[in-house]
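What follows is a pair of complexes built around chain A, which joins chain B in one and chain C in the other.
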Partner chain A sequence: MISSVGILITWLAFLNLLVILLINKKDLYQLLVRINLFLHFLLFCILEIALFLDDFSLNYIANYSASSTPPLYKFASLWGSLDGSILLWNLVLSFYFYLYIKIYKKNNELYDIKIFSLIIIFFNGFTIFSSSPFAGCIQLASVGCADFTLLPFQNLVESLSGRGPNPLLQNHPLMAIHPPMLYIGYVGLVLPFVIATSELINKNKNEEWIKIAEKSTYMPWVFLTAGISLGAAWSYEVLGWGGYWAWDPVENVSFIPWLLATAFLHSAKTQIKEFTLLNWNYALSCLMFLSVIFGTFITRSGVLISVHAFSNGNIGTYLIIGLTFFTLLFLIIGIKNIEYFQSSSKVTNFFGRTGFFVANNLLLAGSAIVVFIGTIYPLFYETIYSKQITIGRSFYDILVGPILLLLIYLMIFSTKITKNNLKITSWLEENYFEINLSIILSIIFTFFFRSSFKFAITVLGSILLVVIIGKNILNKAKKTKLQGSYWTGQIAHLGIGIFAIGLIMNVSQSYSSELIISSGDTIQFGNQEFNILNPNEVQKNEKNVINLPIQKNNTTKNASLNIFKNSTQQAISSPAVFRNVESDTYITIKVIDDNNFKLIFRKNYGIFIIWLGLAISSLSFISRLKR
Partner chain B sequence: MKKLVPLILLSILIITSIFFFEDTDSRYEKLSKSILCPVCQGETLFDSPSEYADDMRIVLREQIDNGLSDKQIMDYWSSRFGDRINTNPQNENLILIIFPLFLGFIFFILFYRKIKE
Partner chain C sequence: MKKNLLLVLFGISLIVFASIRIASSNTIYYYTTTEAIDNITEISSERIKLGGFVVSESVSKSSIDETNFEITDGNKTIKIVFDGFIPELFQDEMGVILDGYFENNIFYSDDMLVKHDNEYISEDGETYDVENYSK
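Right after this comes the complex of A and B.
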């Protein structure tokens, strides 16, 4: 029943989108775009209802939810696997369509409506022709569903219970927030793509397009930053390895659009203020969205191995067709506008705004290229040599590290960016006290954390950045209200400075040790004493949890092993984390052997400072809000 | 005199970083971070909580205690699980480093020529 309703509404939404694409009535599309949003919201609600009703006649629910799944994770199961996440993707896309005509649409042309509806048709079409979360189950597997149909009103079979979500996805509440946040950011990059292509198709060019494109990139940027940060937090809290970023392909493909969007937010300013870099801005505004489709292709087609990858037979081909089509659209419109691009002003002030922004863009685009190469090189290698290869952290350390270092030093000058060239000697004199203070702080830091030369230089840049921008914000906050894009930038840069300090503390000083203990033991780790109490076992519907209480001073925290009933996979270890401003003690159970536990104790420095910096950067949008 | 102060401080910073630098990663940590856990999804031996990785870590510790060189240890694991187990492939695939650097170099030349104009 729910399956048929869902499939019929998907078709209805598809037809509605076709009408938007094909009609030329300017007064009608407003209504149809609202209907489109309504239909997608309805689909979202229907799938949620089906998840809560445990309707196992749906292939998706039989395979990715179970009656024993707790409510929060039932709710989050909607985006727990490929088909459902496409539904969320379409809802977000439809929301942006509505937002676009409501806020950003400034002209009376219909090109933008056509391009936008084409993009949604493409993603909506996937749920019609390839696989849908509403597909009914026609053949049972031993657990869950083995075969499905995309047609309504079929004779469906219903399994008794579902297979349940992937254990990793039902172990922490952040799972309910991180993916939607990330999607709102990721999918939002469709806006600059639509704005740039539709405005440049237009013969009567609207010179405002770059301003609108820049404004529209900002909200996705904020959500992307917050979404990536929450993902890092999730990884730290759930995966039990004490880290937050692994250069995993899926992390990489969320990072590439972030780098490009950050570059675009800067370079758009040069066009708005000085009418330079027209072609570069056009390219960036499109590449952001193309990198999103590419990223989805890489991670959803099963070509790469990753914690996040859900593979599915034909989405790969489907996405590659879309990627080719939208890339051609971007290229053709670009070629048609060569004359327009040539009207761009020459760059003259290489130590002023444009110069700084060009350098910033080269570095950000450079790191995007490095991350891109690191992500796809294993694919090429496997195709050519038929052997697998893994690109790990050290590759990115070698290449992205120095780029980030240069970016930090560039950001120091962001307090004083004007059209005219910066006079370095007068800048040094003005900030004489701050420079000396920062070097002294860096010496203390380097001594305390025993940092290497490269970290000492990085930390000097980061402290300078925090000190100089901090002073700038404090000075001017008294006189003026901190509003406008200048202050957004300053606050975001301050956050990155703080983040970088935390990051260096973390990589230069963290240590760990592996200990075999039994309950009643007292462990000495990093000048602190930990008492191991008696373990207990908790039976829940969906899992058994073995808790090992660990006591430090008067606080007790549980390190636990979660054994999920629906999974043959290994148990998942949840860490006990004793938090502190400068360092965390992070304890995970590795193996239980009779009454002995093999524990890993980690001293992780700077984690709180990393979260603080990321939070400040994500919240930088506050200064943009109008009263 | 005024200009000397930051220069002196800067040299103190450099000297501190050279003389007090302490590498907290033991040889075991370095090696376990560069070997991939073959049954996990993109995690290294160091990071992985799986029992399989735990068994591999025990073997790795024995190898280190027996005084095998880094190369011997990496060769041992590669011969059993294939090259994909090595997470530092750039040492054998220099193109990975050279190609981005080459791109960067070209960008730099273009940028420099624009400044000269």
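Right after this comes the complex of A and C.
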């Protein structure tokens, strides 16, 4: 029943989109776009209802949910696997379509509507022709569903209980927030793509397009920043390895659009103010979205090994066709506009704002290329030598590290860049005290912690960034409200500076050790005493949890091992984390052997500071809100 | 215009070249047991990923630090000393990928990926598919 309704509404949405694509009535599409949003919202709700009703006649629910799954994770199961997550993707896409019509649509041409509807048709078509979360189950497996149909009104079979979501995905409430946030960020990058291609398709030399494209990129950037940060937090809280970023392919492909969007937010300003870098801006505004499709292809087609990779199907071919199509669209429109691009003013003053933004863009685009190559290199290697490899993280440390350091040094000057010149003398005079303070601080830190040149310049750059921008913001905040994109930038830069300090602390100071203990023991770790109490086992519907309470002073926290029932019976080791501003003590169970436990104690420095910095960057949008 | 384009292309190819050079020196290879034994002298100092199937009744635990077992690809067998978290799924004839290094023809590992079949694929020792592996 629900299966048929879902499939029919999917078709309805598809037909509605076709009408939007094919008709040329300007007064009608307003209504149709609203209908499109409504239908996709309806699909979302229907699948949520089916999840809560445990309708195991749906292939998706039989395979990725279970009756024993707690409500919050049932809700999150909608985006727990590929088919369902496309539903969320389409909903967000439809919402942006509606938003675009409402806020950004200024001209009377219909190219934007056509391109936008084409993009949604592409993703909606996937649920029609390839695999849909509403596909009905026609053949049972021992648990879950073995075969399904995409046709409505079939005789469906219903399994008794579902397989349940991937255990990793039902272990922390962040799972309910992180993917939607990320999707809102990802999918939002469709806006600059649509705006750039549709405005230039008719060689319509309306200079408004770059302003609108820049404006529309900002909110997706905020969500992308927040989404990636929450993903890092999730990894830290759930996976029990004590880290937050592994240069995993899926992390990489979220980082590439972020790098490009950050570059675009800067370079668009040069076009708005000085009419420079026209071709570059056009390329960036399209590449952001293309990199999103590419990322989806890499991670959802099963071509790469990754913790996030969903199982495949024919989505790979489907996505590569889409990627090729939209890339061709971007290239053809670009070639048609060569004359327009040639009218661009030349960058002449390399020490003014444009010069700084060019440098910033080269560095950001450079790191995007590096991350891109790191992600696809194993693919090419396997194709050529038919041997599987992975890239060690030292690859990224060697290449991306120095680029980010240079970016930090550029950001230090961002307080005083004017159109034509960096006012270096007044910058020096104003920040005389701060510069000296930073130098002294970094000498002290270098002396005490790690006497290497690399450490010293990284520390110096980060401290300079934080104190100089911090002072700039405080001075202004005393007098008036922080309004406008200059202050957005300043706050975002401050956040990155704080983040960098946390990162340095984390990378240079953290240590760990493995200890074999039994309950009743008292452990000394990092000048602190930890009492190991008696373990207990909790039987829940969906999992058994072995808790090992660990006591420090008067706080007790559990390091636990979650053993999930159903499906794959994976065990996940959840950490006990004793938090502090400067460092966390992060304890995970490695092995259990009767009453003996092997624990990993980690002293992780700077974690709180990393989150703080990322939060400040994400919240920078506040100064862009209108009063 | 043309000059700029050439400059950009040159820049991109420089980055690409540098990244590929560095990537190739930071590569972690996957080996099957046969490949590993055939190349054992070359790889004895490196950290590699070794894949194979757990030999039946070879698993024994000598201490909390050490689980011993053997893995095979159906052709050649390698002794494993494992110190790390053992996934619940781990059992005889299971496909595993181990991260570690060789010492005296014994493979020391502290990180294990177990093949988990979300798709309930039939037992198939011949096709060795790494794509469905997860921790």
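By definition in this document, the second predicted complex is superposed on the first by the 610 of 627 C-alpha atoms of A that agree within 3 Å, B and C clash if a C-alpha of one lies under 4 Å from a C-alpha of the other, contacts with A are read in each partner's own complex, and residues count from 1 in each chain.
Note that in this section a residue touches a chain if its C-beta (ideal position, glycine included) is under 8 Å from a C-beta of that chain, and two chains touch if they have at least 3 such contacts.
Given the structure is predicted, the values throughout are model-derived calculations rather than measurements.
J.: After the overlay on chain A, what do you see for chain B versus chain C, clash or fit?
T.: clash
J.: A:373 contacts which: chain B (first), chain C (second), both, neither?
T.: both
J.: Scan A:534 for contacts with chain B and chain C and give back first, second, both or neither.
T.: A:534: touches no partner chain.
J.: Once the shared chain is lined up, is A:509 touching chain B (first), chain C (second), both, or neither of them?
T.: In the superposition, A:509 touches chain B alone.
J.: Under the stated touch criterion, which partner chain does A:394 make contact with: chain B (first), chain C (second), both, or neither?
T.: both
J.: Just to be sure I read the superposition right, which of the two partners does A:596 touch: chain B = first, chain C = second, or both, or neither?
T.: After superposition on chain A, A:596 lies in contact with chain C alone.
J.: Look at A:362 in the shared chain and tell me whether it touches chain B only, chain C only, both, or neither; answer first, second, both or neither.
T.: Both partners.
J.: Go through the superposed model and pick first if A:563 touches only chain B, second if only chain C, both, or neither.
T.: A:563 sits against chain C, while chain B stays out of touch.
J.: Output check: A:142 vs chain B and chain C. Expected answer is one of first, second, both, neither. What do you get?
T.: Once the two structures are laid over each other on A, A:142 reaches chain C alone.
J.: Could you tell me if A:573 is touching chain B, chain C, both of them or neither one (first, second, both, neither)?
T.: A:573: touches chain B and chain C.
J.: For chain A, give the residues common to its interface with chain B and its interface with chain C.
T.: The overlap between the chain B and chain C interfaces on chain A comprises residues 305, 307, 309, 362, 366, 369-370, 373-374, 377, 381, 387-392, 394-395, 398-399, 570, 573, 590-591, 598.
J.: For chain C, which residues are in contact with chain A within the complex?
T.: Of all residues in chain C, those touching chain A are 1, 11-12, 15-16, 18-20, 22-23, 26-30, 49, 61, 64-65, 84-89, 116-120, 130-135.
J.: Going by the contact rule set out above, which residues of chain A touch chain C in the complex?
T.: Per the touch definition, chain A meets chain C at residues 63, 141-142, 144, 146, 163, 166, 302, 305, 307, 309, 311-312, 341-342, 362, 366, 369-370, 373-374, 377, 381, 387-392, 394-395, 398-399, 516, 563, 567-571, 573, 590-591, 593, 596, 598.
J.: Under the stated contact criterion, what part of chain A meets chain B in this complex?
T.: Where chain A meets chain B, its residues are 239-243, 246, 248-249, 305-307, 309, 347, 350, 358, 362, 366, 369-370, 373-374, 377, 381, 387-395, 398-399, 432, 435-436, 439-440, 442-443, 446-447, 450-453, 455-457, 460, 508-512, 570, 572-573, 588, 590-591, 598.
J.: Please output the residues of chain B touching chain A within their complex, sorted ascending.
T.: 2, 5-6, 9-10, 12-14, 16-18, 20-24, 29, 33-34, 36, 41-44, 46-51, 54, 82-90, 93, 96-97, 99-101, 103-104, 107, 111, 114-115
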